[in-house]
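Please find the structures below.
Paired with chain B in one complex and with chain C in the other, chain A is shared by the two complexes that follow.
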Partner chain A sequence: MNAVMTAEAPVHGADRLHGRRARKGRPGRGAFWLIAPALVLIGVFLVLPYLNIIGMSLRPTAVGAPYGAGFTLANYANALGDGYILGVLADTLLLGVTTVPICLLLGYPVAYHLARTRSRWGGLLYVLVLSPLLVGVVVRSFGWLILLSGNGVINRALIDLGLISTALQLMNNRLGVTIALVHVFLPFMILPLVGVIQSIDPTLEQAARSLGASRLKVFWRLVLPMSWPGIQAGTSLVFVLTLSAYVTPVMLGGAQVKTMSVLVVQNLIDNFQWPAGAAQALVLSACGMVAVWLYARLTGRFMKGLQ
Partner chain B sequence: MSASAPTRTATGRRTTRVSLDGLRKRFDNAPAPAIAHLDLKTEEGEFISLLGPSGCGKTTTLRCVAGFEFPDEGRVRLNDEDITDLPPEKRDIGMVFQNYALFPHLTVWRNLAFGLEMRGIGKAECKRRIDDVLAMVQLTAMAERYPRQLSGGQQQRVALARALVIEPRLLLLDEPLANLDAVLREDMRVFIRELQKRVGITTLYVTHDQSEAMVMSDRVAVMLGGRLLQFDVPEAIYMRPRSVEVARFIGRSNLIEGRVEGLTDEPGPYPTYRVSTALGSVPASHDQPLATGQPVHVTIRPEAIRWRNDGPYAGLVQSAYFLGSTVEHMVQCAGGQSLLVQTSPGQRAEAGAEAAFAFDPGHAWIIAAAP
Partner chain C sequence: MTMKRKPLAARAADAIGLAYVGAVYVFLLLPIAVIVLMSLNAGEFLTFPPQGISLRWFGALFANEAFMRAIGTSLQVAAIATVCSSVIGVAGALYVVRHATRLREGLRMMLMLPLMLPEILTAIALLFFLYASGIGTRTMFGLVVGHVLVTLPYVFTNVASALYNQDGTLEQAARSLGASPWRAFVRVTLPLIKPGIITGALFAFVISFDLFNMSLLLKGIGMTTLPLQLFDYLRWDFDPTAAAVSTVSIVVTLVAVICVDRTVGLRSLRFG
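And then the complex of A and B:
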C-alpha cells in the first residue's frame, strides 16, 4: 500500500503545478485501491450473506431442505401478523430503550473524567473501561450467573447480612439481562464520548464562566450540547448492539426474556424454519435501522454548528 | 463623587479602577513563581497593556484578574471591592481569548445572548443590546451564522462583542490578535482601540508584541520574570527606560556602560549629566539625582544617532543593511564599543568607511539601576 501512495504522490504534485483543477477533490485510482480490500471484505461477509438471507426470506418452507421452490411473502405476513412475534419484537426494542439511557447515565461521568483527567492513573482507568471486552461473552455471562442467581453471591450476602429473608429474583428476567448488557456495552458508550469531550476546548468553559455561567450551567449549556456527536454515536451503537445481543439474553434471561435474536436462532436451529427465521431477522434489522435513522434525524438539529 | 461609586462614561457604562496589591502566584512543581510580586493600579477607563516575553507572568496576572487562577498572596480589587476570592462568574468581567473561544454549537446571536441569559435579562433588552453591539462591531448581517462560517477577523469581533454585550466592569484581552495575519492585525489594533475609547471601558490587554502595546495603550506595564519592571506611558517606556531589561526588550537600543562624571547646565526637560564611557565623555539625561562616580548605563536609540562630519565620536562602519525605509549600520567605535546606527536610506554609509557621528543629549538616557 505504501508503494501505491508514493507512486501517486508525484502525479498529484504535477497536477497542482499545471493547474489541472478538474481532478481536485475527486479520489484518484490510488484511493480506490486503498479501500478495495475493505470493499471486498464488506461485499463477501456482509452484502452477500444479507442478499442470501433476503432471498431465503422470500422462499416457502420445505421439509428436508432449507427452503422449497418458488417465491412467497408469507413469511413476512406471518412475522408481522403474529401477536407473539410482535410482542417479542416490542420486548427487544424495549430492552434497547432501557439499556441505552442506563449506559449513558453511567458512562457519561466516566467519559468526562477520562477525557479531562491529567492523572497518571488515566491509562489504568482506560483499561478498566475496556475490561468487559477483554473477557469472552460466555465467560462474562457465567460471571453474572454466579453473582445474580438465587443462590448467588449477591443474594447470599444480603441474606447473611439479614437485609432480606428470601432470595431476590435477579436473573431469568429483564433485570438480569439489562444488568449484563449494560456491563458489556458500557465501553461502546464511553469511548465515543471520551473522544468528543476531549475535543471540547477547555477555554470554552472558561469563556462561559466569565460570561456568568456557574459550573452547573456550563455543563448544561455548553459541555452537554457539545457532547451530542458522542452521545449520538454511543447511544446508537449500544442500541443496535442490544437489539442483536444473543448470548446474554439466552444465559441470563431464561424462559422469561425472549428477544428477536433468540427467536430467530430458535427458528433456524431448533425448528429448522430457515425462511421464517430469515424474515424475522430482516424485520428486526429493518426496525433497528429505521429507529437509528429516525434518531439521527431527530438529534441532528442539536449538532448544527458542530460538524 | 465617592471613591467607591463607579463613574459613568458618555455611553452610560460603568468604569472601574483595577488595583493589584502584592500579587504572588507559584504553580505546583514550577521552579520559579509565575508572578513574584506585582503591584499595579489603573485609572478609570484606561487601556493598559501587560507587555513581556512569554513566561513573564502577564497571562497569569490576567487570569488572576479573570478568576481562572487564584493568587497565593495579594489582593485583586475593582474600585474598592475585593474580588480576589470570587469565582469568575461572579466578577462581571468580559474576557476575549487568544483563540476567541466562541461556542461552536451556537449562532453568533446565541453566542452574544449567552451572557445576557445568564444574567436573566429580558428578551427585549437582550435584542436591543445585541443589535447595538453587533452594529458596533459591524457584524449585523452575520447574526445567524455559526462561528465556523466566519473568517478569523470576524470571529475576533464576535468574541469582542460577546465580552462587551454584558456591559462588564472591566475588559480583559489575552493576545487577541496573535492568530490574525499581519494586515488584519494592524486594522484590528485601531478597531479595538477606537471601540474601547467609545465604550470607555477599563481594559487590560496582554501582548508580547511591543508595537501593539505602544500603539494601543494609555500605559504599558512591562513585565519580566514575574515582576513589573516599568509602568508608564508608551513614550516614557521607549524614551526613558528604568532598567537595562526594559531598554533591551522595547525596541532596539545601544547600551553603553559608564560612570557619572557630574551634572552639566545644558538646557532640556531633564537634567543632563556627563558620563564617562568607552566612547569618551557623553552627555545624557536623567530625572533623578545621580552621584558622581556612580556606575550607570547610557541607552541611545539607533535612530537618535546622526552622521556628522564634525561629530564628537567616530567609528568604523562594519556593515550596512538596507531595510526599506531605513538603513541599519553596525559601527565599531573606540574601546571595543559597537553601536547600531539607523538612518534614512539617503544617509547610508558604506561598510568599511570611517564615520563621525553625534547624538542629542535629550536622546541619550541614563539607566541608574544596577543591571
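And then the complex of A and C:
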C-alpha cells in the first residue's frame, strides 16, 4: 500500500502540472486506475516481502515453528562465523567468477555476428540465442545430464572413437555445473551486447579500415571500447544470476558442489530454519551487490582509459 | 564482397570466425536436441546412439498419472497467470506510455523490478510474507501471485514498446470525434498494439509454464507443476519418460515461438 501512496502523492500535489496536461487533453489523475493494479501487486507482493526478509533474518530460531518471537543478530553471527558457510559462499562467488569470462568469450563473437548479419535467417538465429531462456531450467539441466553423465553421450562418443578408455568425470563437479551455467546464462550476455553493437555505425569501421587500420586494430581500438557498456551490463547480469542459480548446481553438482542458494533452500524447506536461511540469503545478496559495485567502479576507470 | 577479392588471410579469418560462432550455436542447441532425440529412443535406457525410433516413451508418459496431472496443473497456473499479468501489464503500459509524465521512468523501473531481482530470492521473500500475512500456501493464490510477478515485466515491456511505436494521435482523433475513452481504446488502440499483447502474453505463458524456483517454494499440497514433477522424477529415475515429458515442454515453447513469428516476427521480441 505504501508504494501506491508515494507514487500517487506527486500527481495530487502537482496541480499545475495536472492542469497543463488536462489542457492537452491527456487525463492524468483520471487514468491513475490503469497503473493501480500493477502498483498494488508490486508494492504488496514484492516490496513488502523484501522488507519482510530483513525482519525475518533478525528473528531467533525456534523448535516446532519456522521462527520465534523477539529479535536477535545471532543469525548473522552464525552465518559469518561459520567456516563451512563461508566456504560455500566463497565457492558460489568463484563459480560466478569462472562463468562470466567464459560467457563473454563465447557470447561476444555471436553477438557481433547477430548484430551485423543481414541473413534472412537472422530471426531464427535470434531464437537460437533465446532458446535456453525459453526452455525450462529443469529441462535444460536434464539435457546436460544426458550429455555429461558417466555413461552419457559425450563419454560414449569419446570411448567409441578410442580417444579415452575410461569415462571422464564431467559432472557432479564444478566442471559440469559451470558448463550448464554458461549455457543457461549465455543469452543474458549476448542480448545486451547485440543491442550495443547494433548501435555502432558500421561505416565507422569501414572508415578506420580504409585509413589503413588492421582488422585487429579496428576491433581493439574502436569496436571493443564502444561495446563496453554492453560488456559491463552482460557480465554483471550473468554474475548476479550465477550467484542465485539453484536448479543447475543441484542437478549437475550432485552432493559435491554446494552453492549458497542450495544451502538456503535446504535451510528453508528441509530444516525449517527460516531466520538462518533469510540471513544467509541476505549475506549472499550483499556480497553480490558489493562485487557488482566494485566491478562497475574498476571497469569504469578502465573504460575511461580506453577512450 | 567488393570489387577486389579479399586476401587469403582475411578469408581464412572470416571462416574461422564463422566456425566459432557456429560452434557456439551448436552448444546452445545441443542439450535441447539431445532430449528430443532421446525421447524417440526405442531402447530401455537413455543411451546414445538411440536404439531405433519409437513413440513408446510418449505412451509411457500418457500412462503416467503424476506427469499428466502435473501438465494439467502447469497449464492451469500458466493460463491464470498469463491472463492476470496481461490485464495488469497492458493497463500499466498504457498509463506509463500515455499518461505518466515525471514519474514515467520510475514507474517503468518498478514494473520491471521482478525481472531484475533474483527469482529465488523473490520466492523466499514471498514465502515468508504469505506465512506472516496469514495467506499461507494452502490455496493456489500465492503460487499464482508469484507467477504473475515474474511474468508481468514481459507483458509490460512488449506492450510498452508497441505503444511507443505509435504516437497516440489516432486515439486523440477518435476521442475528438466523440468516441468514449473505452471505445477509443477498444476500436483504435487495442488493434494497433495487439501484436505486442500477443507476444507478451505468449512469452508470459512460456515463462510461467517453465518456472521452477517460485513453484518450488510456494506450491501447496497437490500443486505439483511439470518442472517440479520432472525434477522429482529425475532424482530416482533416469529413463526416456523424462525425455518424453521434456519434449512436450519443448513443443509447448516451440508452438508459442511459431505463433510469435507468424503474428509479429521474431525480431520484435522484447526480453527485458
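The criterion applied here is as follows: the second predicted complex is superposed on the first by the 254 of 307 C-alpha atoms of A that agree within 3 Å, B and C clash if a C-alpha of one lies under 4 Å from a C-alpha of the other, contacts with A are read in each partner's own complex, and residues count from 1 in each chain.
Everything below uses one rule, namely that contacts are C-beta pairs under 8 Å (C-beta built on N, C-alpha and C of every residue); 3 or more make two chains touch, one makes a residue touch a chain.
Keep in mind that what you see is a predicted model, and the values were worked out from it rather than measured.
Student: Taking the superposition on A as described, I'd like to know which of chain B and chain C A:Gly277 touches: first, second, both or neither.
Tutor: In the superposition, A:Gly277 touches chain C alone.
Student: Considering only touches as defined above, state whether A:Met226 meets chain B (first), chain C (second), both or neither.
Tutor: First partner only.
Student: Touching A:Asp201 in the superposition: chain B (first), chain C (second), both, neither?
Tutor: Only chain B; A:Asp201 stays clear of chain C.
Student: For A:Ser210, decide between first (touching chain B), second (touching chain C), both and neither.
Tutor: It touches chain B, and chain C stays clear.
Student: Could you say whether A:Pro49 touches chain B, chain C, both of them, or neither, answering first, second, both or neither?
Tutor: second
Student: So, does A:Thr166 touch the first partner chain B, the second partner chain C, both, or neither?
Tutor: It touches nothing on chain B or chain C.
Student: Of chain B and chain C, which one contacts the greater number of residues in chain A?
Tutor: Answer, by number of touched residues of chain A: C.
Student: What part of chain A is shared between its chain B contacts and its chain C contacts?
Tutor: Dual-contact residues (chain A): none.
Student: Under the definition above, what is the set of chain B residues touching chain A in their complex?
Tutor: 66-68, 87-89, 91-95, 97, 99, 101-107, 114-115, 118-119, 146-148, 162-163, 166
Student: Which of the residues in chain C end up touching chain A in this complex?
Tutor: For this pair, the touching residues of chain C are 10, 13, 17-18, 20-21, 24-25, 27-32, 34-35, 38, 46-48, 87-89, 91-92, 94-96, 98-103, 106-107, 110-111, 113-114, 117-122, 124-129, 131-132, 145, 148-149, 152, 156, 172, 175-176, 181, 206, 209-213, 216-217, 226-227, 230-231, 234, 238, 242-243, 246, 249-250, 253, 256-257, 261, 265-267, 269, 271-272.
Student: Note which residues of chain A are touching chain C in the complex, please.
Tutor: 3, 7, 10-11, 14, 17, 21, 25-28, 31-32, 34-35, 37-39, 41-42, 45-46, 48-50, 52-53, 56, 66, 106-107, 109-110, 113, 122-140, 142-147, 151-153, 156-157, 183, 186-187, 191, 215, 240-241, 243-244, 246-247, 251, 261, 264-265, 268-269, 274, 277-278, 281, 285
Student: Which bits of chain A are touching chain B when the two form their complex?
Tutor: Interface residues on the chain A side: 201, 203-204, 206-214, 217, 221-222, 225-226, 228, 302-306.
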